[in-house]
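As written, the chains take the letters A, B, C, D and E, and residue 1 is the first residue of each chain.
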Amino acid sequence: MTAYSLSQVTKVYGKKTVLDIDSLKIEKGAIYALLGPNGAGKTTLLKILGFLDYPTTGNIYFQSTPVTFSQGFLHPLRRKVVMVSQRPILFTTTVYKNLEFGLKIRKVPKKKRDRIIAESLDLVGMNHMVQAQAHKLSGGETQRVALARAVALSPDVILCDEPTSSVDLENQITIINLLRQINKEKKLTLVFTSHDKLQATSLAHQTLFLDQGRLATASYENLFTAVLTAKERGLAQCVIQNSLTLSISSDKTGKVRLLIDPEKIDIAKNVENRNRENHLQGKVVQVAQEKGKIRVVVKSGVYITLLLSLEKYSEVQPMVGETVHISIAPDAVKII
Amino acid sequence: MDFLLDSLISSFMLVASLDRELFSVVAVSLKVSITSSLFASMIGMPFGFFVAIESFKGKRMLITCLNTLLALPTVVIGLFVYALISRRGIFGPFDLLYTQKAIIIGQTILIVPVVATFTIAAISRIDDRYRKTAMTLGANRFQTIFVIIREARFGIAAAVIAAFGRVVSEVGISMMLGGNARGFTRTMTTAMALEYDKGEFTLAVALGIILLSVSFGINLLFHFFQGRTGQ
Amino acid sequence: FGEEKIIKMSTTTSTQASGLLDILLPELEKDTGIKVKVIAKGTGAAIRDGKDGNVDVIFVHAKQREEQFVKDGFGTKRYAVMHNDFVILGPEKDPAGIKGSHDAADSLAKIARTQSMFASRGDDSGTHTKERALWEKTSVLLKSTTTTIVKKGKETEINFVQPEGKWYMSLGQGMGKTITFADEKQAYTLSDRGTYIKYKHGRKDGIDLAVFCEKDSLLSNPYGVIPISKEKRPHVKYGLAKEFADWLVSPKAQSLIANYKLHGEQLFYPDAVK
Amino acid sequence: MDFLLDSLISSFMLVASLDRELFSVVAVSLKVSITSSLFASMIGMPFGFFVAIESFKGKRMLITCLNTLLALPTVVIGLFVYALISRRGIFGPFDLLYTQKAIIIGQTILIVPVVATFTIAAISRIDDRYRKTAMTLGANRFQTIFVIIREARFGIAAAVIAAFGRVVSEVGISMMLGGNARGFTRTMTTAMALEYDKGEFTLAVALGIILLSVSFGINLLFHFFQGRTGQ
Amino acid sequence: MTAYSLSQVTKVYGKKTVLDIDSLKIEKGAIYALLGPNGAGKTTLLKILGFLDYPTTGNIYFQSTPVTFSQGFLHPLRRKVVMVSQRPILFTTTVYKNLEFGLKIRKVPKKKRDRIIAESLDLVGMNHMVQAQAHKLSGGETQRVALARAVALSPDVILCDEPTSSVDLENQITIINLLRQINKEKKLTLVFTSHDKLQATSLAHQTLFLDQGRLATASYENLFTAVLTAKERGLAQCVIQNSLTLSISSDKTGKVRLLIDPEKIDIAKNVENRNRENHLQGKVVQVAQEKGKIRVVVKSGVYITLLLSLEKYSEVQPMVGETVHISIAPDAVKII
């Protein structure tokens, strides 16, 4: 089953196209992570999925029905989809009343309402503040209450814009677990944005990468702004953040944004061929697990992320703090 | 300023004497102005909402027109309504002229723009995210408006209070459409105007002091009511 | 070339609303160079203005009060300028049956007896004062209301005498508004002739009321002009005010008054030149 | 409704005839009401700011009192100012009564509460973080206030517009303190009242239409001014 | 030199004491990270340091002068300290005007102003949006402009409340580098809050840990909410998030919050003594460098963080993905 199906959806502000999606399917009951740099259009997309904003052009199907962006039509759909904003707003009243609002609207009886409110607040660890004035809460408290407010409504879809950006470590884990659990138990479809790759991959079944309004297939790592200077016949010298120089095949010059494919970077403990092009030396600062792969972050002027297969990892066994040698294949660098 | 002191003492004496006529005048004033404030709120508020929230062509021009209507003189309203409800007017048969109803009609016209303008001003400063939040939580149009009213209640209350203040202290319409008939349509302000015309300044100001006290009482009620709903 | 010659005058609304001043004042300026700043208000308020010295001269129609005003020393002298007359207006049906009467008191008594609706100005104006005097000449039972207030630290009583009953509407409005009210409610009322003519003939849809009682000597309405005394209020421009008053009673002004016609009818009758 | 049509035509004819007296009346009206709106803004706005931003004991009671003053009848203001500036009052020697200055004084008193109340309503809904942000960026008190005005400008503009509308259409004070002296203190509204008294209803409404047009013009200026500073 | 010195500073809202600091010195030119769970009082403390709020009680010295919390006195101090809020607000005008505001106030001439604005926006990568309407920016863009607005003023102290919470990966690194650079070049004192331990330790010279308004010496890791049930003589059974059971020495029962000292957890690849108390088995999910120590995160029902010395790390060599055994000494658990 598909929850959403989008085709040719764009959103234009003034003359700026901030969203331009050819086609996107969101499956029911799955968890999607939406990644991308600032201003990529993540929030814009979530607002459209939440029926809180309309696309400039394009068609959207929700649960197999085409969506008409008119007031009367959208209201029943909004009952099934709840969005938690990036900077959530709580109504100027108590935490309790904030949670009660959506339930009251759905005509949930008082007793059940009270039970759901208590449960939801408990899930985000905010039950002790049920009678607090919501607009006086701290940043992280606000975010957690906003999430509880959405969860309390048991919608079909929850759209979370950076659900844990201001949440403390303990509760980040709680929230991630909570989302995973309701996804499983209630067949909830979840789309969330994040700048934390680790969190995204650990929670999501699928990762969408948005860049300048377009869906990109590339992953959201090793994205750099660099300056190119032409060298010779289709080769260019590329300086990344004034600290790393690579040689890549390109005819362009000037300021560009480029991605280095983390799966196309080689790693070794000992030097085999110092003269190989784009050979770098750096220190391992982090090693982490990621969906059947191992993520290794090497600091060499800038932070470069490598995705190693399990075999490669156990073969090289890079230890944190160790100096390693990496080499970037010229075709690993993609200019966007 | 013995004059003010005189008036102050006189106003006490008037109230103390439990003058029946005074009570009738106060009652008419309150009845008429509260009713017209209510009607004007019922018309002006939803209209203000609509203008504030929807985006449509000519919206700013509409607001400019509303602002212009804030300068609608009472004489014009008075004559306009008069033309409609006088014996020769379309609504002549209802025999409305020189009744409290006539005053209410005129006053409502006077303050609908006040309520609407200030509703717009109050609403348009409410962060749009309140509306979006209410909507995503499943609120329909009506419930969303309710949320926004709650958030803008201070400004909206100010609009209603201003409208009430405007009509309770208004003379022109009450005079023209009510007729200042003693015991029927005499309000505090028309009574004051009369005393002024007679040269009884002390009595006029004494009535004014009573009017302000009554209006203070109403505002105090409002104050406590607002206090309880939490600011 | 001296200072501009401007005086301030408080007057009743009727002199201004009748349009008479629009004829007189330009001529005055031509003859004497005096400009008059006209402030029109109720008779009570106008006299009050004179007492306070806010104006240099008053031009009102309440003979008794004017004489009292001079007696109290606020004014130097009352110049009798002109008079017009009051009329009793009524609806065509004439439920009190007073059509063609020349006895004002009797007409009012009939109105009271038949309980026909009567609209009173009720504002202590010259017209209202006259109306009250007429009622006192009838045997209609009058009710007196007394209000006690404090003036200059002393308790003062304000009396208000008028007939009682649902038929007697005490409005507290100007003449025009009272006529409009009477027309609307098909009631009787007492009006000065000038305002009546304006409302009857001056408009596209004139009022329906007609004159039923007139030409009773009791219905005469004399206007007087009084310069404010320099002794009581030293700042007033007594010289100019007196010049103005003298001009008003001059043959030229008096003939202007006699010749002023509104919709073909004479409104005012000069009193200074016989 | 031939009556309205008549009036409309008459108003055109009046304007077309380039009547000097009409222009004088319009000029006096505008001069007086713009001046009093300015004065009232100069007093009411800073006062409103102070009340909105500072927290002190009795703040809400002060607001309630201000709200009460919205019901201050023109007769009371008129008589109060009259008592002060009449020849026998304290300011008698300045000979202010029946001048445009007297009207301005009275009208200013009338609308200071309007400006103050709506400034409070407009400001108090501005997120406190704007103030804190201005402060942390080094703004002094005055500069902070400026930032808040900028953010609340829609509401504050509404307050000023409402105040202007209130005074330009006001009769009582202009009549009592100005005296409706032709060529000196005759305003559009007192002229209308006079025409009404004379029974010239058509002319009265024609003047009213002109008043509304003038006020529309002023609002239009405001509209474009606001438009340029960005909404 | 000390920038701030606080003693007995408290902040009370209603009946709740949200800040209660006995004594705190902040050295000039140093970088401080302020860590702590949601509602710990971090923002409250920053506001007081920024002279935007007054403490309920206590004394504060700023640059060796006692601070009087009165309008006239604070204004000159505010010129030296700029705070960037957790949810920054930009004025309803262009980005340019937002940056210009503080400079204009400081009477910086137009030409210099323009140069500074261009430079500051460049530092946070927002120069291309200099004429955009600031209130329409995306979450991360807003945060970056707010930071640029503060940096442009070259104050003595910058207080950053979660400076990178919504910022994308590339710019997170840029911003961290930027802060480090201006700290060094301009002797800037920097206090920032964060929920990212790694970021905090990599940037800060010193880390402050706030919990329920009090400064705590313990680090901000392995903080759990747990349920205690009494067992015997001063021993209690402790269940953490329904998935981990420990035995600790305590007389308390019921819901408590506890910390497990990450330096007091032992790790081994092979089992030596299965019957040792509080012995757990888990998978290594992350290894990272941290100031002369190595941080290892093990998933065993919940995520537990270990801080290993370099020797211990090279001795055990825990690889990501491997199963390891850890044991928690009873005195490693502290109830707070």
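Going forward, contacts are C-beta pairs under 8 Å (C-beta built on N, C-alpha and C of every residue); 3 or more make two chains touch, one makes a residue touch a chain.
None of these values were measured; they are calculated from a predicted model.
Set side by side, the interfaces C-D and B-C show unequal numbers of C-beta pairs in contact, with more at B-C.
With each centre defined as the average position of its C-alpha atoms, the distance from chain B to chain C rounds to 35 Å.
If each chain is reduced to the centroid of its CA atoms, chain B and chain E end up 55 Å from each other.
Distance between chain A and chain B, defined via averaged C-alpha coordinates, is recorded as 54 Å. Shown for chain B are the residues that touch two or more other chains, namely 127, 176, 193, 196, 201. In chain A, the residues touching two or more other chains are 87. Across the assembly, chain C contributes 41, 177 as residues in contact with two or more other chains. Chain pairs recorded as touching, per the definition above, are A-B, A-E, B-C, B-D, C-D, D-E.
Interface residues of chain E facing chain D in the complex, by the touch rule stated above, are 47, 50, 52, 71, 75, 78-79, 81-83, 85, 87-89, 91-93, 101-102, 105-106, 149-150, 153. Chain contact summary for the complex, chain B toward chain A: residues 127, 129-130, 132-141, 143, 147, 150-151, 230.
Residues 13, 36-40, 42-43, 86-87, 125, 136-141, 144, 161-162, 165-174, 195, 197-198, 220-221, 223-225, 241, 283-289, 294, 302-303, 310, 313-314, 317, 319-321 of chain E are the ones touching chain A in the complex. Here chain B touches chain D in the complex through residues 1, 3-4, 60-61, 63-65, 67-76, 79-80, 83, 114, 117-118, 120-122, 124-127, 152, 154-155, 158, 161-162, 164-166, 168-169, 171-172, 176, 188-189, 192-193, 196, 201, 204-205, 208-209, 211-212, 215-216, 219-220, 222-223, 227, 231, going by the rule given at the top.
The touching residues of chain C, when paired with chain B in their complex, are 41-42, 44-45, 47-48, 122-125, 145, 147-153, 155, 158, 169-173, 177, 181, 183-185, 205.
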